[in-house]
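Could you have a look at this structure, given as structure tokens, before my questions?
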Amino acid sequence: MLQTAKRAGDSASHKAVPHERYLEAFRWMLQTRIFEDKLASLYRGGMITGGVYIGRGQEAVSTACGLFLQKGDVLAPLIRDQAARATFGEPLLNVTRTYLGSRQGSMRGRDGNIHRGYPEAGQLAMISHLGAMIPVVVGKLLAKRMKGEEGFVGLTTIGEGGMQTGATHEGMNIAAVEKVPFVLVASNNHFAYSTPNDREFACAHLVDRARGYGYEGHQIDGTDLAACLEVIGGAVERARAGGPPQLVVAQLLRLAGHGEHDDASYVPPEMKKERWAQDCVALTEQLALKNNWLDAEALKQWRTEISAEVDKAVETAQREAAPVGSEEDWCAMSTRELVDVVGE
Amino acid sequence: MSITYLEAIREAQAHLLREDERVFIYGQDVSGKFGGAFKATKGLAAEFPGRVLNTPISEDAMVGTAIGAAMEGMRPIVEMQFADFSSVALNQILNNAGTQYWRTNIPCPITVRLPSGGTKGSGPFHSQSMEAIYSHYPGLVVVAPATVEDAYTMLIDAVAIDDPVIYCEHKYLYYHLKADALPKDRLPIGKARIVRPGRDLSIVTYSAMVHEALAVAKQFSADGIEIEVVDLRSVKPLDTDTVLASVARTGRLLCVGESFPWGGATAEIVARVATEGFHLLDAAPARINAKDTPIPYHPNLWSEHRPNAKSIAAKARQVLAE
Amino acid sequence: MLQTAKRAGDSASHKAVPHERYLEAFRWMLQTRIFEDKLASLYRGGMITGGVYIGRGQEAVSTACGLFLQKGDVLAPLIRDQAARATFGEPLLNVTRTYLGSRQGSMRGRDGNIHRGYPEAGQLAMISHLGAMIPVVVGKLLAKRMKGEEGFVGLTTIGEGGMQTGATHEGMNIAAVEKVPFVLVASNNHFAYSTPNDREFACAHLVDRARGYGYEGHQIDGTDLAACLEVIGGAVERARAGGPPQLVVAQLLRLAGHGEHDDASYVPPEMKKERWAQDCVALTEQLALKNNWLDAEALKQWRTEISAEVDKAVETAQREAAPVGSEEDWCAMSTRELVDVVGE
Amino acid sequence: MSITYLEAIREAQAHLLREDERVFIYGQDVSGKFGGAFKATKGLAAEFPGRVLNTPISEDAMVGTAIGAAMEGMRPIVEMQFADFSSVALNQILNNAGTQYWRTNIPCPITVRLPSGGTKGSGPFHSQSMEAIYSHYPGLVVVAPATVEDAYTMLIDAVAIDDPVIYCEHKYLYYHLKADALPKDRLPIGKARIVRPGRDLSIVTYSAMVHEALAVAKQFSADGIEIEVVDLRSVKPLDTDTVLASVARTGRLLCVGESFPWGGATAEIVARVATEGFHLLDAAPARINAKDTPIPYHPNLWSEHRPNAKSIAAKARQVLAE
């Protein structure tokens, strides 16, 4: 009944993606790269409280995760999804506000950085516990169906590490039982923090999990933007059209530390020579230039524009006031009369 | 007509499904002709098609799904088969439901029904009372109805509340407790009730222990000692005012809980009275809880593990003697 | 590297099992059936505190789970595993002691019935939370390896319902990561309590989960004793010999209520006509008689012997004293000086 | 030589691995050159091959595996990356480790290390203190060392204990606290310590809050008010005798905890003193905890969410004024 796992030929399918789409995606990737470089340098400059976690090397996958979503869809991004968040409508200013501790960020100083959500654009605020957002997306989709909405889809990302949590298992399974239009995009960046694949799982290919849940499974080279767009876009389309849940597993390498505090010295040098260990932003840029979809001048122009945008977002947030303890109402509940007056 | 505590829970859910299209029930075996391990949803699936849904054995995902649905405007009621199994959903309850509104400003109105408390022969994993764990963390309302009437109105109120509510229903009361009819009035969640007035000692308790306390009060009354029994109804928020007012009348406090002894509701009540009503106390306050071991399976052991009328009476005598 | 899931031809393989082994297994099945019928009747007679959960219809699978284990192996049985428990060395008397509330049962009245363990024979005492025993078995096996033991294996049973818990997922995965000799035997008896398969999972075959964890997968008709012996015996042997973890999924029907309090009226009548819905004890008996491996007289003799054993175990336990609260020390810890003197 | 609280934890583990072949370390990222998110196991994998094992992100299975190994005679130390993630291992900790010995007579000597407590910018899911939840259930020892010396000796003692131990190490103390050398002596687990004697008020606390209390005591001393500071060291068992003896000396009690306010250690301490030492109290006892919301990320909010020297001092003044 349900289709079994299939493997996309790694990058055999460029022709399927029109080059306008490719360029559109590339611009988001570039924005993400420039922006995250800025965040990393702010972190090194001691301007950020808490950690900075970036998606360097994962921009192609992440962009594809955001690009095919529409108003009414649900995105539950994780720590490496700046590209998906931006592509699906979170303004850079919300990010800088959160990272720089402005009270005007969507989390109001209560939660920070990668935990931010952006409900206005259908983006959930993650809790740290990996896998926990999957059933939440399922619940949103179930509710939408109960309310009679149509044509929506929900997408969650996960790392290969997060795929080993009980929450991920239960969430993936319940999505299939509820037959909701759900896409899970897993990036196997070969490490969970410092832990290599062989201490994370023992199957040959994580995409082999798909069949056991009744998902359609797809495997891609996460450094190949065209493959990402085609396969992730296709998965979103299949789910939206009423197909079974979709699992896309991308092979790639995290080209940064787990967070900016981490030098990632545990990554073996040989691994950096793998094809999937390349820099997707550089590869995409090269291909775009080579094919004359973009000329060097236009690219330079993009970089200038993006840098200006980024600088503006940073400067704006930096000028804004921080939250103030004395103005907090310290109330975790929306029903004020039910707040417990806890004996101190 | 006569209605049990369990039937009141069923009726409340029928009422909610009828009156509010945002409500649905989500849990193991709640659907079909079966209607739940305890039959608390009996007949509801047929009456409300598509709104009483069986789930896989996946408590974490059940609550996670309910959270998502609640954020999207629904009013899910999650039935745990036994409170004890909510241990594997605890992360979603505490860290996701409990923090959601505070972090994002989006209300998360889920109700989690926990069939709680000990019954004969149920053993360590089908007898637990988990209110202390859920009350300790911020963001949740935790209720524990002790009467048929409260079982009914508090479940309806729980679902109406915009915040996550942990509804601890006591399995021992399911069949043991009967009322003549469904209640017309209600006391809102957050308010305690003086279920028996007295002047000599306040016993503050909740859930099944209310009835043990009442038995003790009745027994002492024969000797002219009048015990006031306060039914907390909700342990979070805890109605400190009513408790303090009672202690102001009696000067003596005994807190009774069926849960484990370290921390928990009895510690919280004693601590509140000691800190906020110290001068009201004419004698040292006291408390009595279950013993600090898992809950035994064998009835001979179980009946000594939990507080009961005998052990409560003994403790009450001590407090009165001081 | 790891072998992928394969399906055993349903019962094509009788020849592989010598008929002595078949008969040995059948006797355990018969003992289990007679014994559990007795427990059920004691339950109906109000002689048992708490529930009675039996494995009617699952005796072939369960017997095979116990039969290939040896001293030093680990068994973590669940609620339908009377046969495995008995086969692997738990005396009937321990069962009746537990069910009838004798203080001399292995749980001393502290825990009951199906939760009992029997450490003397390598049998763990389950906690109720389904899936939770899997990592415990992994830990035992890991420790044995660390201590230099060899040739051992660990086997856990699970229902198709229990396969959906996060604990099962994490446990299955960590077994493969730790490369311990582990066998998981899953009985898809088509219901978790009253919940049918379509609200439990959405994959075509649960055995398809095997590949996603790096297990070898096998599927059997759980009513076919020869298949159970061959496939489960083979899985135990493969694991013991250093093969990857093994997943065996048996198709069958629970031929009783979830517990004896349950009339199972939710089982659709059509389902009872499926081939895997037959009574494995009856099928085995028929085959044994037909093949003249056993004659009617010998069978009658077996029944008589077993009934006598069962009655004796019941009578002995019934004469024994119950635990007494006043003799309990109410101490959950082995380190007495660290017991908290909790303020009452 | 100078050694930090974090280094003491590492050294204790090195000592344990060296002295006891039953010990192994199990957790995320503890192995390799990396040595743990906080470097508490730095270098140990190389020194003790095969005994410091990285795990998948599977807290429930990590603890389950440790339980099995412990029942088989090993002494596993499980490192949670942050205490907060133990919420998904809670079922194994409470229901399996906590009940094992009582049910089966088989000891379950696991030690679970929980990097606990707030630090600047860590937010709701990397700052929690979970001792109340683990203490509420039977069968566990719950310790929370406040000094470099205790961090060292209590971890060694924890692993030696035949029961499961929850070892709450405070992340704020990791680098902030230094000692000159590893300790020669030890106070056993289960005993509280008077860290500063006084006659006017007893502050009873544990973990990082000991240092806030000491700061307050020092400050008050300048005005001639002598505060006695009691470091509980273990919250379960809780050394009621030492607490009562202190209150007997001072007549006044303030309990301080970094955890959420409902229930928890401060409620338990106040309740014990009120019930068992009522006549020792010259004034109402008091307590101060973190606020009843998730733990905020922004330093401006975080520093007001937890108790601190300023809020403790204010409360102490109130208690002294009564």
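Residue numbering begins at 1 within each chain, and the chains themselves are lettered A, B, C and D in the order written.
Simple rule for what comes next: a residue touches a chain if its C-beta (ideal position, glycine included) is under 8 Å from a C-beta of that chain, and two chains touch if they have at least 3 such contacts.
Nothing here was measured: the structure is a model prediction, and the numbers come from that model.
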Seminar exercise, completed: With centres defined as the mean of Cα atoms, the chain at greatest distance from subunit D is chain C
Exercise. Counting in whole Å, what is the centre-to-centre distance of subunit A and subunit D, each centre being its mean C-alpha position?
Worked result: 36
For this session: Determine the centre-to-centre distance between subunit B and subunit D, using the mean Cα coordinates as centres, and give it in whole Å.
Result: 30
Seminar exercise, completed: subunit A to subunit C, mean C-alpha position gap in Å, rounds to 43
Problem set entry | Residues of subunit C touching at least two other chains | 107, 110-111, 115, 127-129, 164-167, 170, 173, 177, 199-201, 331-332, 339-340, 343-344
For this session: Return the residues of subunit D touching two or more other chains; collapse runs of consecutive numbers into ranges.
Result: 55-56, 58, 60, 84, 87-88, 91, 95, 98-99, 102-103, 124-125, 138-139, 236, 238, 262, 268, 271, 275-276, 286-287, 291-294
Exercise. Line, ring, star, complete or other: which one describes how these chains touch?
Worked result: complete
Problem set entry | subunit B contact footprint on subunit A (complex, rising order) | 106-107, 110-111, 115, 117, 119, 125, 127-129, 132-144, 146-147, 166-167, 170-171, 173-174, 177-178, 331-335, 337-341, 343-344
Exercise. Any idea which subunit C residues touch subunit A in the complex?
Worked result: 1-2, 164-170, 173, 176-177, 179, 198-204, 206, 208-214, 244
For this session: In the complex, go through subunit B and note every residue touching subunit C.
Result: 28-29, 31-34, 37, 53-60, 82, 84-85, 87-88, 120-126, 261-262, 286-289, 291-294, 296-301, 303-305, 315
Exercise. Contact residues on subunit D for subunit C in the complex?
Worked result: 24, 50, 55-56, 58, 60-74, 76, 88, 91-92, 95-96, 98-99, 101-104, 106-107, 138-139, 141, 161-163, 189-190, 236-238, 240, 268, 271-272, 275-276
For this session: Mind listing the subunit C positions that touch subunit B in their complex?
Result: 49-51, 101, 107, 109-113, 115, 127-130, 161-162, 164-167, 192-195, 199-201, 265-266, 322-326, 328, 330-332, 339-340, 342-344
